[in-house]
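Take a look at this one; I'll ask things after.
Chain lettering (A, B and C) follows the sequence in which the chains are written, and residue indices restart at 1 in each chain.
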Amino acid sequence: MTRLVRALLAVLVLIASARVAHAHEVRPGFLELRETGPDTYSFLWKKPSGGEIEIYIAPIIPKECRLATSGQQQLTPGALVVRGTLRCEGGIQGKTVAIDGLESTITDVIIRVHHADGRLESHLLKPVNPSVTLGAQTTGWQRSRAYLRLGIEHILLGIDHLLFVLGLLLIVGDRWMLVKTITSFTIAHSITLAIATLGYASAPIAPLNASIALSILFLGPEIVRRWRGQTSFTIRHPWVVAFAFGLLHGFGFASGLTTMGLPQAEIPLALLLFNVGVEIGQIFFVVMIVLLERAFRTLEIRWPRLVEAMPGYAVGSLGAYWTIQRTLLMLGGLR
Amino acid sequence: MRFSVAIASRRRGLALGVLACALLPSPAEAHLVTTGLGPIYDGISHVLMSPDDLVPVLAMALLAGLNGPVAGRRTLFALTGAWLVGGMAGFLVGQTLVPSTITTASFLVIGGLTAADRRMSPTVVTALAVVVGLLHGWLNGAGIAVSQREALGLAGIVSAIFVLVAVASAFVVSLRIGWMRIAVRVVGSWVAAIGLLMLGWSLRG
Amino acid sequence: MKGRVSRTESWAGLKAGPYNSLLAVLMLLVSAAPAFAHVQQGQAQGFLTGLRHPVSGLDHVLAMISVGLWGAQLGAPAVWLLPVTFPMVMAFGGFLGLVGIPLPGVEVGIALSAVLLGLMVAREAKPSLVAAALLVGFFAIFHGHAHGTELPPGQSGLMYSIGFVIATGCLHGVGIAIGVVHKWPAGKAALRFAGALVALAGLGFLWRAFA
């Protein structure tokens, strides 16, 4: 009987997850204009691509400008790249650039203009304000805030990362273990995030996504084992597992940063603030879960068995769903 | 099925509307936050950014917490459940009703009761939570419909309220030191004072 | 069934130091707030105006702090009864002002309140609780009437009221915190001296109100 109910529940969660699993495209788009001569700018447009859903955004150049492209689009792993030359009568100052289709996405676009006098101008366009008038100089403080914000948003929208953390929380035994596990996860993903952003190594996006899903699926059976009072290597040393899979997740975080095509000089700052943003989001999530659990006990809430098991089943079945979906996507990409 | 629900909520909406209009009419105002992170996060940040919803929610949690774990537990589910129901009804009807009157009344009643700190039966607290949830939820739902946003925002609003009420009321329940309970009452009196001032603002027009 | 037991145990391990992390969350919320900040300009402005208003006038500040000082001298029931009732009575004064009911001699009333409250602190007067509450409440109406109604146009009344009430409450808090020195003999004397100063300043305000 209970087995039947559990099976039913798993199916339900799976159906519900089909909605959640529409994991939106959260990697930002990138538009770079570099002044190469009087009124002339080299044009570089990178649109994130090859994720779970394809988004349709394109820059609208100012009316007074003419764009000459080589006519071919380059499809690199993870992004669609367009290069060209932009000519603007009287320079780009005071002209407005907009991103078409941005309002219907949840993606950001970073616009960066290198002026001939060495000035660097950058803007973060969001679905709420999909256009910007160029010419105003951004301060380092504004750019730092943009990177920090990008990190927070990346983790808040990265349901897969949060679900992995939730799985870890369900496995850890005591407070000390919790601190050790979350710290080692943090250290591990910071290492690979740095390695990938600095360009020493990179992971192809489709297999990476599939293996991140696999790491979530891996936690499912461990949670059930914990419920049954059994033990395993993961349950005894969750921090080791958190570290190992953290290395993987770090590459995933890096995809939120590297497709931006950061200027070399700004990489350390961007890396640091993006990572801090990710940690803020993650600590917030962990503290919220711990506080909630604590509150439930203070209020003496007795959950029905099914509800109590829900988070565990969500981790397991969503992990399984994503593994299958992303593996198929990867195989489809190979064909 | 869906149709009949809509009719039922429309009728309730009408009754509520008549009641509320009899009290005091005022222009509808709906301010929803846009984070750029999708409707769920928009809903969450709406709760955190709008004091006219946030303050009554927190005050309700404080009041429930002062009345012990049973009241806290029931309020947690009653407030969030009613908020969801009221929100869906408001979304289907799409008609905001005298928001400032409702907000003012919540501030006054919940704040005043918290400041008084008289022992109330969990049933009374729960009933109050249901009323507050239905009214404020209605405003949120109707606001979402009026500004043509996604109804999913309501899910964000309700989950944020669930977390806030659970943590805040459990916090008050766990208070053992006398003066900390009094601090809670002081906060309640602030809420009531704000409500009184708002009543003045709205009467002045 | 066995599973259930082990799960409870696993969470039980997390129980030490229950709500210390609450503060962390709050701070996190505050720090994350600018990231989400899309608050209308009018709202933030209204809050700041309301917050600044009670602190801007020395007469108001002195009277509020002496309420806290006096409460600390009076001890147990008064020290918390005053901060609970004061905001509500003050809001009632503001309400009267908003509705348009005039209150004669507001400036004189505020100056007088500083004089009388200062005297009470200086003399370490201990009237009955009701008398103390009535005295404080009477002046609270004047303070609310004078300060609760000055909202610049275009700003949010709700946010102004929140800022106004919070600032007033914090002034009480400052008074009560200073009043802690009442425990020591030297502190007692210092409190009385401070009360005398407040009364003197109140006389100054009174002079200004009539001049």
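By our rule, a residue touches a chain if its C-beta (ideal position, glycine included) is under 8 Å from a C-beta of that chain, and two chains touch if they have at least 3 such contacts.
In this text the structure is predicted, and so the values were computed from the model without any measurement.
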Between A-B and B-C, the pair joined by more C-beta contacts: B-C
Chain nearest the overall Cα centroid: B
Chain separated most widely from chain C, comparing mean CA positions: A
Chain centre separation in whole Å, for chain C relative to chain A (CA means): 45
Cα-centroid distance, chain B relative to chain C, in whole angstrom: 26
Length of the line joining the C-alpha centres of chain A and chain B, rounded to whole Å: 33
Two or more partner chains touched - positions in chain C: 18-19, 22, 25, 38
Residues within chain A bordering two or more other chains: 128, 288, 291, 294, 298
Contacts with two or more other chains, residues of chain B listed in rising order: 34, 167, 171, 174
Chain B residues touching chain A - in the complex, by the definition given at the top: 34, 36-38, 41, 69-70, 72-73, 76, 163, 166-167, 169-171, 173-174
Residue numbers on chain A that touch chain B, as the complex places them: 24, 106, 108, 126-128, 153, 156-157, 288, 291-292, 294-296, 298-301
Residues of chain C that touch chain B when the two form their complex: 18-19, 22, 25, 29, 33, 36-40, 80, 83-88, 90-92, 94-100, 148-149, 151, 157-159, 161-162, 164-166, 169
Chain C contact footprint on chain B (complex, rising order): 31, 33-35, 45, 48-49, 51-52, 55, 103, 112, 115, 167, 171, 174, 179, 182, 185-186, 188-190, 192-201, 203-204
